[in-house]
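Several structures are given next for inspection.
There are two complexes below, and they share chain A, which is joined by chain B in the first and by chain C in the second.
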Partner chain A sequence: MSASLAPECNEVKERYDSCFLKWYSEKYLRGKGTTDECADLFKDYKQCLTSVLKKRGIDKMLEEAREDHKENDALNMRRK
Partner chain B sequence: MKVFSNEETFNYSWEEVSTANWRKYCPWNDKSTHVIAVDTLSRHVDPATGILRTERLITCKQSAPKWLASLMGGTDISQVFETSYVDPESKKVTMVSQNLTFANIINVRETVVYQPLSATKTQFKQDAQITALCGGWQKVKSAVEDATVSRFRENAIKGKEGFEAVLEMSRRVFSEEKMKQREQQEKMAL
Partner chain C sequence: MVKFYESSYDYAYSFPAVTLAYFLRYPNPYSTHVLSTDVISRTIDEAGRLQTTRVHRKSSRLPSAVLKLLPKSVLGNVSGGRSESFVLEMSTIDVKEGWMRTESKNLDWTGILSVVEKQQYRRHIPIDEGDDFNVAAGTTGVTTTVMFRSRLGDRLRARAMRKDETASNDGEEEPKKSFLANWSKTGIQRSIEVIASRKTESQLGHAKEGMTVVLERMRRGGLVGVLEGMRKDRELVYNPEAKV
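Let's look at the complex of A and B:
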């Protein structure tokens, strides 16, 4: 798996990524993946990451980009 | 504005490609070394459609040409924000991304789509729109856009090679795991 931009988050990220990949390939793609089994691990990872994003001022840039991406949701969140 | 488009075919099933895509930038990919970190910001399955929506932050380190580097304030770290959508029913992965860094100088919007061509072949389609925003001479804008397009071209070639390596390793590891499971089951049966 790839590294985190914050080295201190690498360990929790690795745990979350492995959990997600297993869920994605074994359950989600087989139509059995409606619930997120990796939510707890994601919470740990996210907590670590959020403080780093704030410290480096990346959170503000993300807010703006998210606004821009709203139109993509309208395009891609519905089934064709 | 300049446009960069590219299409590739991978000789792997859509399921294999869409799974390996999540670890495209892992150590198995020794080509796309400009990507130094990939972080997941949010992820959920839409209960109505079953579509998996993910937000990621991709961190790159790549030296720009000298004249361009000075324009960009001398930093070689840049970040990209990506939103992706997986529709397992229609077998389609769509990834939309844009640059976060240097957003006042240049706007890069990229769309990547993975769709099956057959049970064993998957198509990769990439489209990027590059618009230089820096005021002033058209010549400078054009040069900034051209430099970005050629960077896209270089990274596309490396990206294909690197992803092929990840796909091959993923398939090998998967078959080894399956073999281990089978051995264990046989042992239990004895």
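Let's look at the complex of A and C:
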């Protein structure tokens, strides 16, 4: 499995990834996956990751990426 | 300023296999520069489509040709052209209709160059209702579009537009005073885009090779085969000396 950018989250990520792969390949791809069965594991993983994203300033970059998107949409609208 | 690159390709693997390989494509022997992959959000919408947002961390090396063009003030804390960069990846999969759309963009360095890669995957042969998940059934087409955009160019455009609006009619031109300054900026920008698009062609090749390695592992050993291969690749990323 791919590593997490935060080594301290590797364990929870691996647990979530394994759950997702099983659900995705055995249920979703067969048209039976209407609910996310790995939500609890994702919550643990996300909780670990969020603090690291904040610490490293990546949450800000994500926000900026969204802002940039809006800015360009507005620009393209005006051009038409 | 916007520059496009487009290409199409057919994977000789089923749509379900290709989507799975997409999620599992890192690490592979062609992606040793990808250091980590994290899921930021994952939801199923009302139509039953799976939407995933991920962040990849890559060790990147700016081409020396690009480094030479850039002022020190832009480069910031890059030493020897080496830095880490983050890529945001969004994907939507509709398993019933048989398509997957992806969009990836760089999160940093956007002041120099924004690269947006969009991919459209499509199931080519309707899969057997009895066994959807069959690695061997059907093929999957993919069209990749890469767009290069410089924020510098957008700012210049925005400025020109404001001038348009204040001008009484259409036949406007850039003021002569700023012509030289704009020319040198767009000159650098163009060079960066040319270098970046050359690099992109080789990187798209690697991306395809990487996907194929993962798909082939799946065909031979199923999910277990893929995960075993990943484990070995991961050792190579973190322990380049330990040849497997």
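Just so we're on the same page, the second predicted complex is superposed on the first by the 65 of 80 C-alpha atoms of A that agree within 3 Å, B and C clash if a C-alpha of one lies under 4 Å from a C-alpha of the other, contacts with A are read in each partner's own complex, and residues count from 1 in each chain.
FYI, a contact is a pair of C-beta atoms (placed from the backbone, for glycine too) under 8 Å apart; a residue touches a chain by one contact, two chains touch by 3 or more.
Treat the numbers as computed from the prediction; the structure is a model and nothing was measured.
Peer 1: Under the stated touch criterion, which partner chain does A:Ala65 make contact with: chain B (first), chain C (second), both, or neither?
Peer 2: both
Peer 1: Counting only touches as set out at the top, which of chain B and chain C does A:Phe42 meet: first, second, both, neither?
Peer 2: both
Peer 1: If you stack the two complexes on chain A, which partner ends up touching A:Ser2: first (chain B), second (chain C), both, or neither?
Peer 2: The answer is both, since A:Ser2 touches chain B and chain C.
Peer 1: Name the residues of chain A shared by its contacts with chain B and its contacts with chain C.
Peer 2: The answer is residues 1-6, 9, 13, 16, 20-21, 24-25, 28-29, 31, 33-34, 36, 42, 45, 49, 58, 61-62, 64-65, 68, 72, 78-79 of chain A.
Peer 1: Could you list, by residue number, the parts of chain A that touch chain C in their complex?
Peer 2: Touch residues, chain A against chain C: 1-6, 9, 13, 16, 20-21, 24-26, 28-31, 33-36, 42, 45, 49, 58, 61-62, 64-65, 68, 71-72, 75, 78-79.
Peer 1: In their shared complex, at which residues does chain C touch chain A?
Peer 2: It comes out as residues 16, 19-20, 23-24, 26-27, 34-40, 42-44, 48, 50, 55, 57, 86, 88, 95-96, 105, 107-108, 110, 114, 132-133, 149, 151, 154, 157-158, 161, 223, 227, 230-231, 234, 237-238.
Peer 1: Within their complex, state which residues of chain A touch chain B.
Peer 2: 1-6, 9, 13, 16-17, 20-21, 24-25, 28-29, 31, 33-34, 36, 42, 45-46, 49, 53, 58, 61-62, 64-66, 68-69, 72-73, 76-80
Peer 1: Can you list the chain B residues touching chain A in their complex?
Peer 2: 15, 18-19, 22-23, 25-26, 35-41, 43-47, 49-53, 55, 57, 59, 79, 81, 83, 85-90, 94, 96, 98, 100-101, 103
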